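After this come two complexes, each holding subunit A, first together with subunit B and then together with subunit C.
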Partner chain A sequence: MHGRLKVRTTEEERERKKKEQALKVKAYRAAMVKIQEKRLSHELDGEMLLLTSQILLRNPDVSTLWNIRRECAEQIVLKTEDLEEQQAIFETELNFSEQCLLVNPKSYNCWHHRCWILEHSPKPNWEREVQLCTKYLKMDERNFHTWDYRRYVVEKANIPKQSELDFCTEKIKVNFSNYSSWHHRSLLLPLLYPYEGEAQPKRAMSEEKLQNELEMVLTAAFTDPNDSSAWFYQRWLLGYSRQELDVCAFRCNNKHAMLAFTNPLILDAKDVAITNSEGTVIIKLTNWHSINKTKADNVWFFSLTDNAISYKEFPKEAFLEINRSDISLKKIILKTYKESLFYFKSPNQQHAFSKNVLNELQSQLESCESLLEYEPDSKWTLLTSALLMHAIDAQKYHNKSLENLEKLQKVDALRENYYKDLASRWILEKFLLNWMDSDAVPYELDLRSENLNALYYSQYLCIADKLLLPNNLTNYSSMKQLQGFSIFEY
Partner chain B sequence: MDFTTFAKPSTVDTNNDKSNSDLHFWKHVEYIENHGKDQDDFEYCMTEFLRMSGIYWGVTALDIMNQLDRLDRKSIIDFIRRCQCPVTGGFAPCEGHDPHMLYTLSAIQILCIYDALNEIDCEAVVRYVSGLQQFDGSFFGDKWGEVDTRFSFCAVAILTLLGRMEGTINVERAVKFVMSCCNQTDGGFGSKPGAESHAGLIYCCVGFLSLTQSLHLLDIDKLGWWLCERQLTSGGLNGRPEKLPDVCYSWWVLSSLTIMGRLHWISADKLKEFILSCQDNETGGFADRTGNLPDIFHTLFGIGALSLLGFEGLKPINPTLCMPQYVIDRLGIKPQILPKP
Partner chain C sequence: MSDDLPDKFDLIVIGTGFPESCIAAAASRIGKTVLHIDPHEYYGGVWASFNLESFCALLEYGNGSDIKNTKQKWYINEQLNPEMGAEVGNSNSDSETHAMAEDTVVRKPIDQQWSREKLLQQSRRFNLDLSPKILYSAGPLVQLLVSSNICRYAEFRAVDRVCTKFQNQIINVPCSRSDVFNTKDLNIVEKRLLMKFLSQCLAFGEDKTEEDTLLYRGKTFREYLQEQKVTEKIRTCVMQAIAMSTDETPFEVGIGRTQQFLGSLGRYGNTPFLFPMYGCGEIPQCFCRLCAVFGGIYCLKRNIDDIIVEADTNIANVVLEGKTIKAQHVVSAPCHIPTVLLERNVGIYGQGELVNSLSRGIFLSAEPLGSEELNSGGGGVNLLRLLADTREAILIQLSHFSGTCPKGIYLFHLTTAAQTDQPEQDLAPFVAQIFNTETDDALKLLYSAYFTIMGRKSTSSTPRVDVSTPIFCTSAPSYELDYDNAIINAREIFTKLYADAEFLPRAPDPEEIVIEGEDPRALSENSLPDDLREQLRELEKSAEHMDIEDTEGTSVIEINQVESESQQMDAE
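Then we have the complex of A and B:
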């Protein structure tokens, strides 16, 4: 159903083709009838293999016929205990499936048949399968069936990860534009060079290796700046990932408490408590509700009105304790504002890279900038330099990185709204960073003069009493987390 | 069996559009209706191994075009009943073939559209599907043991349509397995752990998470960016970086973006243009790409994508289940969909 060009043919040709096809249909039907008869009478013999092979060589998608061939193999294993004889049928199947792969290397059925045969074979030769993959990847280096199969047989054959990485490097050297190789690489590096530093979310690999990879991928990307494969890999290396699960905002007064997280989660009754400096539990906050009334949410609500505790009884030094295996910061010191306790941590505060990596990023930024002098409209260079600036020092380069995103809205108009949303995200990140240290926290949050196209991080805003949205975003004001903390009603 | 018995005689009024800037509505209706009228047609015969899905594609496309009555409901339901395996409870693509998860989903989808689940043994289907779940949460496609995230989607889609998700499979493990197929580099999914991200499998996994109310596990921005980068200058979408655009990938990327609330990250107008350019203005039907031969598979995904883009004259389609929305509403099903940021 894919890649069949519609060609104009003469009446004569059409007639000839029709006759040819009519014969094929007849042969197919006759073979299928015969196969089904034989299956009903349990004749799983050589003739059955021959009949099914005639159809499968043309059409490997007829999965029932592969099932029948496996029944034939099972039959022989049951009949004889002689391992050589058993091995013979498995060899036949391996040879046959390879013939089919030559015709159609993207057949799910065919690749799965090979897995099944080898799993059941008395003497599987996994190394041979690795070589087969190497051969098939030479013919088509993007065939994901071959890559999947390779990962499976490499594991079985106990091939060292380092030698797979070498294979991968060779493939990339032959052709930089190979997303499949980059992907394969991204699975191996974190295992071979694990990251042991402090940054959250964890970097993909050790900073030393990261530096090498950054160098390698930029060389690749600059070889053909219009090819996307290497740029995707580069963005991943820059630590492009959603935030670690963490508490980002909390507020509590006499009436209620609101607890916000970086990502949605399902909050459990035994997860949260307020403690004093000695670690004594003052109040256990057990009965949480998702404010959007969903299974998982990033803002949770708790009503204190039923509890016999008032704000006056809270300790001078109060802590929020979170007891969950997926959150690393367990004890959070709370601040006071009028008759309430609160906590706020602005989004995406990036952990600085090591000096060597930073130098590498800085020199990459310079390379991008000089490339942009020659090709000012190069999409990938514009985006990557914006991302580099954001990774090196988001504050310092704030305006400059936004200029790139604005330019991208024109250069890459298909994704105009993506760039607008990304800019909105960065603007709000900066705003919230400043808000965290201002006098207005948690009382007032005034976004009216910010140039926002979307409202990211809305859960961070749930602790503010007063929220002023830009005119173009007033339709967001109905969101539960933007009701204003003091007047919030569940 | 053949399609002839499914098609009612009709008097189709074909219009004479030459250009591809409009939807050749009646041509497509005719194309689907005639599909299989010639039972000796080579293509038709060679695709009998997926007949059940073929019928689902045709039935759904016609229903979206509000022309479902052109097919004969009774003969289709009779055919489906003949395809249910009395031993396992699963459905075969057609008589004489073996049951499989893929065709079981197609059969259930058609029955739901016809509001005819009572015509088959649903309990047997539930047993078949839950029996294929493995300890690690994954699903086999059939008893021969192929594991693939496509089958995880099929399993929860079937059980959701039957209203039997509760207590039949281990949902927690099923979610865990699907998430183990998520790639750190791009936030996408492949067919098994470690497999490269691919738009078709992303649709299956995002759809799976939508049906299990677990979309919070996705890295929406990372995956959304990779998906919107699938749009090429032609307006069409491809399935992986540096590949050609294709109407079926257009559906998979588009529906995933819709479920994730990021439809606005691509250009809907350019995509519409591309899909319309893949119509065959002589025979009707959609091809994978401009200038190629049409088939019924790409015809559904072309029509479906246009419906998702709000094309006039088409019934709304549900992005998770790829079925008319009114059918999903009638069943009282609410797959999760995320809002815009």
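Then we have the complex of A and C:
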């Protein structure tokens, strides 16, 4: 057997590892005890830094030790007036945290420690931090800690937004399967290229840029349809942002008034009044209550019993005036129904995109359709074309987009209810749009024959006298908004 | 020196090329005593890499065995022409510094930037491969290097781009997902079709009854491609660069190669290929290193006079410069079998007539091949497969990032299967495709070299193999991208030698090895990784002057010992 190498058996190796582990535990405990003792006696000195660094280099996620280091740094800095010396102390901390980042580049504590150091040091070098991020993102372009930190230091370093966008584009070129870099774009583009058109809800960015982004994101989506990051970015581009705050429904008779908004808000006593065409205030509506008795709500109720007013006192041309800085439409013309005034604006009304974007959407839709010829069951393509149709012309494509959603319920059965809910939303949107111009408004809202899986936009329904729900949705009938305007009691 | 060698080995290996080193390492690894000899003064045989000076010398004088038909040519002057330098306003003395700062001044013609002298000054920056190879990231060699743990001796660079010729242009083959995403040549539906086609290929054959598989059985890969919904450009890329096929390649082979290509994607870098840093000559040496770690003995520059097989014992007596050493088996590179042995006409395993195996060309230029886009970031390792009629060749472009040439120089390896003993003539149709000398924008060459790598091929006159022969002959490098055939060859011979032994099982890391007389269960400080050892020492030092009950720590160890002892007793 001479000259042959002997290798440990797995059992021997396991035992050796245990001993190694025990040794580490011993060393760790010893250091921790020492650290606690020193802290109790306020010895925040160089030795403390050394002790904590030995542990943190092995495991950078001990928050306590980072806190202690910060205390140390503060103490040590106090001992000198010299800025250079102070800077040197912070520099050491900065270098140390970078060593720890090499151990765990996703350590919350390390990244946070860097922020703290830079905020406290006399001469923070923000450019260097940006370069550090670039280096780390080269190693792992999906590390969201780095992206987050990058946004922070880029802001401080006054890096032009355009160059940040270019950097982000490069990262997407390397690997587009990256939620972080798409998100980074979504923050930069609206600032760099703000939307200046009229459409509501507002587009995220200028039409021209929007067109570029749509093109890019669809390329990614077509290259790998199974990667969800691109599809999510596309949905954001197509305007699935939160709806702008707006009045969506109002009704008032001689007993009470109901006012609904797209989003919840806190309504102030001074906010609302009914005026005539000359702008003279006829009635001040001051005593509003949230109908769900919450602080912020999207439906508000006002009882007129205190200062009763008869129908005859309503002006021929009545207006609802809202004095809030966060609502763009201040003066709303009211319609008359029997002995009441009302206003209604159906949800998510599509405002035309510019011609260029519309062409882009149309060509994307065509691409999707030609792709569906080859891959009729492609989930993301079906969903995207449905979303595109909805974005281009919800009315015209209503049936076709619902067909896609129906097909999706089969090919992606795990998300069946998601598609049903989306269909319900679109069906109700269309229903309310028609209702707005029908004779039934605001008397009766009959949803019984609609194929709904869930009830969205409930605040829009508060002005109807009578609401008829499909059988499967009767569990919604307890909602305050759906009690019926004429019989509603607070 | 020979006198110091033991007179008996389990295995004597002659030649330090890839298959020989592989067998030597594998034998040594399973505890066989190995003597590894090379008649040359360098490692690697026809698989070696050379600096520029040694390479020129090798081509000038030949090595008398495995490299033949050599020819080399310089296209630049011996020295930089001082008058020419003066003409563009440089004094002779600082022409060097000006050449370094050339980007800021008007670019000088290439023959004024480089001279033979200047290149040879940087001779040691070159690693010119006799047999250059490209590795599939999930190919057999990478697998072998990983499974045998030999990979720790080697370093690689991911191949930067895979190229192909399309309509007389060199284009980048979009092979990875990000390539497909970024290419401007395809519209989105085409991108989807390409991606779908590729993923279809990857899934191919998982279901043997699949309609497509049956439909194309017996047809060519080209016919299959033509029926796919892909454009001409994509078809060319797939045919030439991904499936590495020709018009005649059968469907199954083409699909197989496509799968190999795709299966190697996404492991390291943007392409499915790796290139060894500092040249392919490193690879056989990695195996030699492992062989030596397990006790193999190395002797370079030793000539073998003869090998005599004892009829009764079947033991080989290798006559090494007058001294006879006994061995159970002998493995030799094709060109190192002693002539006297061959003349006796005994059957040797793997033997054959000496033939031209590969026609090789090596070219140096100061410019990379193809557009700037193909060489962004200073160019890298680019791979281009060329076709001419029914023949094919592989071109590898290397930049200084691969550690095979100095900065500012691009090295091109061209390889094809030898047709004649005129390598230049064999390679001419391919050279014409890439270094077209007739156009003005043609790549300006600084140096070119041609040579033939010899191999053996059995013919009707080859003596029949004696089944009991203890002498085995390896194969010379064949025309292939990766090391597939070379590994098959090494494995086959190893199995003949040691039928039941495992071929290159994982080698232990240094810290797993037990030093003689040491308790294998003990925690030796020396076996800890450096950084941990240092830290533990520091921690212990800082814990030393503390009053803490470390009973807890020690008791853990004791308990473990008791536990494992009782476990051991149970096992007994």
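In this section, the second predicted complex is superposed on the first by the 446 of 490 C-alpha atoms of A that agree within 3 Å, B and C clash if a C-alpha of one lies under 4 Å from a C-alpha of the other, contacts with A are read in each partner's own complex, and residues count from 1 in each chain.
Note that a contact is a pair of C-beta atoms (placed from the backbone, for glycine too) under 8 Å apart; a residue touches a chain by one contact, two chains touch by 3 or more.
All figures in this text were calculated on a predicted structure; none of them were measured in a lab.
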Which superposed partner A:L371 touches (first subunit B, second subunit C, both, neither): second
Partner chain in contact with A:K19 - subunit B first, subunit C second, else both or neither: second
Contacts of A:R29 with subunit B and subunit C, given as first, second, both or neither: both
Touched partner set for A:D61, first subunit B, second subunit C, both or neither: first
Partner chain in contact with A:Q395 - subunit B first, subunit C second, else both or neither: neither
Partner chain(s) touched by A:L265 [first = subunit B, second = subunit C, both, neither]: first
Partner chain in contact with A:L50 - subunit B first, subunit C second, else both or neither: second
Partner chain(s) touched by A:D224 [first = subunit B, second = subunit C, both, neither]: second
Touching partner for A:K173 - first (subunit B), second (subunit C), both, neither: second
Partner with the higher number of touched subunit A residues, subunit C or subunit B: B
Set intersection of subunit A contacts, subunit C complex versus subunit B complex: 3-6, 22, 24-25, 28-29, 177
In the complex, subunit A residues that touch subunit B: 1-6, 21-22, 24-25, 28-29, 32, 36, 59, 61-64, 66-67, 70, 108, 112, 115-116, 142, 144, 147-148, 151, 177, 179-180, 182-184, 186-187, 190, 204, 227-229, 232-233, 236, 240-242, 263-265, 294-298, 413-418, 421, 424-425, 454-456
Partner subunit A, residues of subunit B touching it in the complex: 40, 42, 45-46, 49-50, 92, 96-98, 100, 142, 144-146, 148, 183-186, 190-192, 194-198, 213-214, 216, 219-222, 224-226, 228-229, 231, 233, 235, 240-243, 246, 264-267, 270, 280, 287-289, 291-293, 295, 297-298, 340-341
Sites on subunit A touched by subunit C in the complex: 3-9, 11-13, 15-16, 18-20, 22-31, 33-34, 47, 50-51, 54, 57-58, 173-177, 218-220, 222-225, 367, 370-371, 374-375
Subunit C - residues contacting subunit A, complex: 31, 33, 177-178, 180-182, 187-189, 191-193, 195-196, 229, 293-295, 508, 512-514, 516, 520-523, 527-528, 532, 535-536, 538-540, 542-543, 546, 548, 550, 552-554, 556-557, 560-561, 564, 567-568
